[in-house]
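Next come the structures, one after another.
Paired with chain B in one complex and with chain C in the other, chain A is shared by the two complexes that follow.
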Partner chain A sequence: MSIASDLAVQNQDSMELVFKQVRKKQKIKSFIKGILFLSPSILLFSVFLFYPMLRTIYLSFFLTDASGSTTVFVGWQNYINLFTSPVFLKSMMSTFLFVLYTVPVTVIISLFLAVIANEKLKGVGFFRTIYSSSMGISVAAASVFWLYLFNPSMGFLNMIVEALGFEAIGWLTDPAWALVSISITTIWMNIGFTFLILLGGLQSIDSYLYESADIDGAGYFYKLRRITIPMLSPTLFFVITVTIINAFQTFGQIDILTQGGPANETNLIVYSIYREAFVNYQFGSASAQAVVLFILILLMTAIQFKFGERKVHYQ
Partner chain B sequence: MEQVELIDITKSYDKQKKVLNEISLSIEKGEFFVLVGPSGSGKSTLLRMIAGLEDITDGTLKINDKVVNHLPPKERNLSMVFQNYALYPHLTVEQNILFGLKAKKVSKVEQQERLRETAEMMGLSELLSRKPRELSGGQRQRVALARSVVSQAPLCLMDEPLSNLDAKLRANMRVEIRRLQKRLGLTMIYVTHDQVEAMTMGDRIMVLNDGIIQQIGKPITLYNEPANLFVASFIGSPKMNLGKAKFSTDYKQLIIEGVLPIEMDPLSVSERLKDVNLTVGIRAEHIFSGMEENATHYLEVVNVEHLGNETTLAFDIGTELWTAKWPGQWMINVGDKIPVRISVEHLCYFDSDSEELLKAATAGKSQEVVAI
Partner chain C sequence: MTMGTGKKLIFYILLTISAIILFAPTLMALVMSFMSNQDILTGSLPTSLTLDNYKNAFERFPLFQYLFNSFVVSILIMIGQLVLCSLAAYAFVFLEFKGRDLLFYVFIATMMIPFEASIIPNFHIIRDLNWIDTYQGLTIPFFAMAFGTFLLRQNFKMIPKELKEASQIAGMGDFRFYLTVVLPVAKTSLVTLGVYGFLTSWNMYLWPLLATTNDSVRTVQIGLKQLQTQEQLNDWGVIMAGAVIVIIPTLILLFLGQKKLQRGLTEGALK
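This part shows the complex of A and B:
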């Protein structure tokens, strides 16, 4: 009797062991499968993202020669130099101002356009196309086009200003105006994308909600405030985050319109990195700037997620 | 008093085919009126036209004797419950219920008063601070109802409000909605595709098919005297057994689907029935079980369904599948030939070509009403 029960226990133990082994094998198998599926993106990210990032961090602790190979290890010196350099601090300042000028205006204008383009009207498709068309224009083409508009003597903008009886403005040459001009250009270029995303967000709001509100007797602005904006909040959140990141990374229009001038007024951080690396061949200090920019964007995004997401209503 | 009146209401999109064709009806104050029809029949469109969410192509809509064709929904003084409830996902139950009152700028004190009253009535007092996604289907349904009750609009429209609930909950809510309507004295227009809902809830029912009114009447009338073949097959579960029929030359027999002869009294056959193509119908509960002595036919059973309190049997009659519903439990097997009793006074006669009712069953109603 006791032998039999002993055997049974033993049997059970060995069965348990077999189960464990099988389970372990299955786990390993599914892990390998997962890695296989991920491998293309891991590979691509490694080559084009992780390696360059690590390399940048590495470079930021060195001085380099003109070809970019490291010469002297300087530790934090590059960073210390940055934060004591008036040019870099000015560049940081301009960048923040630029973000402040562009992001709210872009989002508000495109929200307004999206709301009016969401109405069921005749020919609304035409306006939707027009409003989103700046998405299809390259930065270079748009910049050249704005270059003509900003031209101090024969530009369209100054023609209007003068016709209104004011003095001509040096849009891209006056230090007081240059950053504003760049901001206007950027807002115009970004509206296409933000408009399209916001319109998509608006269209995915269930029409029943509006019908129900109609029956309840809600007016247009009441619906806008109580339904549209809250229901759009995930999209708005996304748009704001992306617009901020884009603003921090602005480069093309500056390179074409002002080359960072006048008096470094439009020398935004990415342009400053570019100049440091490829004009001054200071790869070490350029890398340090890049790292600072990276941390800045990371922080901004983290803060946004921390405070913004609370007010977002996901369905 | 007539609360809602529709006169020749027509709807068409882009001047194409008419979705609704000259619908005329009037709904009394305090009435529970059900619009029933298969999907695509235009019933929801009709409801949305009454609500003001769809334009009226042609015809006149009157609410409280006033023409309201041109008025936006909010000025029609009505409430509506949608099929998917249309709750605002970002608002709590309380905010959802108060949404309309706030929009109409009702005073804060009255808002709270009405909220408390409604929440109590609907059993939502505990749930006021929850978001819709934290509620079960039945609770969401209640919030949607509460939202329409709190508006105190005298006319309430419902668009398939129970179709997202499971069968048990649906039966519960049916009773609840009906009681609520009676208690508040609401005029209700209720759209459904479920004929059981229509039969159990409606004071009057309108059957709609392809945008055309098939019949308007009390549930029992629709059941006993279906105006045409569509209503006959749509109302009632299982549906009415139908079959093409011909009189024998001496009018002593009516032969259904060429296989089922039924004895007739030649004198009772009116002239109307003689010169048309006939379709006859008989309700499943009127095919009785026969004893050896009074059985009229012996039929082969092709399917048996035991429901506990009743037994449903199916037979092949020519090309048609007929069902019989017998109270109680019957131990019958597929393939058995069983005696049944079919008598002529339970037959409804329809014109096969126009599909209209020619003569309703004479026995059915009087007997059963007395029996209850």
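This part shows the complex of A and C:
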């Protein structure tokens, strides 16, 4: 009797052992499987994102030769030089001004467009397509359009300015106007994307809310202020942070319209990095600038994650 | 709820004025691309329409080559992203293994690193691999994408887990399940991501500027920059013709996929 129960216990023990082994094996197997599915992405992220970012930080403490190899370790010197260089400080200033000029205007115009295009009207689809069209226009093409519009003698904008009795403006050559002109181009380019996202946000608001407001006899602007804007706030928050991040990454329109000029007025940070690295071959100090850009974007993304309730942004 | 006629009229007026202002630059470029240089220089309205600008643009520049390159690059990136993102999304939804959550955070972390900030070492990597002026140099760095993975993950999550269990009982492996069940079911979001990937790749500017030194793989965006900088004679008609050619493929794609794109982007953004 006791032998039998002993055997049973033993049996159970060995069964458990086998069971454990199988489970462990399965665990390893599923781990390998998971890694296999993820490995292409992880490999590419490592080679083209994580390693380069670490390398950027490393390079920022060195001087380099023209091929990008490190020559002399200089510690924080690149950073000290940056923050005492009037050119870089101006670049930072221009970048922040640019964010200030572009982000609020882009969001307000896009919000206005999204609100009027959200009405249930016949043919509204046509207008939606037009409003989102700038999303399909590349930075190079958009810059070429605006290069002509800003043309001092033939451009359409100066025609209007002169017709109104003012003096012609040097849109891209006058230091007082160049950053404004770049901002106008950027706002126009960004509207398509922000409009599309905001429209999506509007469409996901429960129509029940409006119906009950209608029953209470609420007016159009009351509903806009008390239902639409509050319900849209997560989308608005998302759009604002993405637009800020995009503004920090601006490059193409500068390269085509002003090349950073006049008098470095439009030398925004990415253009400044590009010039320092690929025109002046100063990879060390260019890397230090890139680290500054990285920190700026890191802060923005962190704010977005913290306050944006599990929202995801994309490049 | 029906709207009063007066209110409707106000909305139509607002919609129309906004559309005219917003579309004016594009329309202007389109009209100019068919105008003679004489008309453009004198600032008059078009007196006649001509295709000369397009002919000149194609004759003076290897536009066909640029267009071909852009198509190859955009399609390669699109396919690469679809494959890598769907594989990764599958692992995050259907596979359970140790370290999965950690890897998920790694994916999130990638969104905090702007490509522009890591562009200097990236350029050196491509150069050391001898990938300057090659399609792989223009495309492979963009295959892995966190946003695309999250977008597909959202969609895969809606596939019932019972389906996976049933397939396991039937002895179907994970890869076959991914290929024959998950991908077909998630077709819509794959199309959305594909459209998005094509659009952004076609419009890429900084990287192709750095990673190409000659016409062999140069994309049409950089070609347009060349066209603009080399046309010193103020031949705006030719430049605009070039710009119109550049935007036509993406505009068509956008017009066809606008609804899907809007839904997809909002979903990926706000979940």
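What we mean here is this: the second predicted complex is superposed on the first by the 260 of 315 C-alpha atoms of A that agree within 3 Å, B and C clash if a C-alpha of one lies under 4 Å from a C-alpha of the other, contacts with A are read in each partner's own complex, and residues count from 1 in each chain.
Following the convention adopted for this analysis, a residue touches a chain if its C-beta (ideal position, glycine included) is under 8 Å from a C-beta of that chain, and two chains touch if they have at least 3 such contacts.
Since we're looking at a predicted model, the values are computed, not measured.
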{"item": "Which of chain B and chain C A:I227 touches, first, second, both or neither", "value": "first"}
{"item": "Partner chain(s) touched by A:G252 [first = chain B, second = chain C, both, neither]", "value": "second"}
{"item": "Partner chain(s) touched by A:I80 [first = chain B, second = chain C, both, neither]", "value": "neither"}
{"item": "Partner chain in contact with A:K33 - chain B first, chain C second, else both or neither", "value": "second"}
{"item": "Which of chain B and chain C A:F294 touches, first, second, both or neither", "value": "second"}
{"item": "Which of chain B and chain C A:T129 touches, first, second, both or neither", "value": "second"}
{"item": "Which superposed partner A:E211 touches (first chain B, second chain C, both, neither)", "value": "both"}
{"item": "Which superposed partner A:L149 touches (first chain B, second chain C, both, neither)", "value": "second"}
{"item": "Which partner reaches more residues of chain A (counting touched residues only), chain B or chain C", "value": "C"}
{"item": "Partner chain in contact with A:L196 - chain B first, chain C second, else both or neither", "value": "second"}
{"item": "Shared chain A contacts, counted only where both chain B and chain C touch the same residue", "value": "211, 214, 313, 315"}
{"item": "Chain A contact footprint on chain B (complex, rising order)", "value": "51-53, 72-74, 78-80, 82, 84, 86, 88-91, 99-100, 102-104, 133, 147, 151"}
{"item": "Touching residues (chain side chain C, partner chain A) in the complex", "value": "1, 3, 7-8, 11-12, 14-15, 18-19, 22-23, 25-26, 28-29, 32, 40-41, 43, 83-85, 87-88, 90-91, 95-100, 103, 106-108, 110-125, 140-141, 143-147, 149-150, 174, 178, 199, 202-203, 205-206, 209-210, 221-222, 224-225, 228, 234, 236, 239-240, 242-244, 246-247, 250-251, 253-255, 258, 261-263, 265-266, 268-271"}
{"item": "Sites on chain A touched by chain B in the complex", "value": "206, 208-209, 211-219, 222, 226-227, 230-231, 233, 313, 315"}
{"item": "Of all residues in chain A, those that touch chain C in their complex", "value": "27, 30-31, 33-35, 37-38, 40-45, 47-53, 55-56, 59, 68, 112-113, 116-117, 119, 121, 124, 127-142, 144-149, 154, 156, 159, 188, 191, 196-197, 199-201, 204, 210-211, 214, 220, 234-235, 238, 245, 248-249, 251-252, 255-256, 270, 273-274, 277-278, 283, 286-287, 290-291, 293-294, 297-298, 301-302, 305, 310-315"}
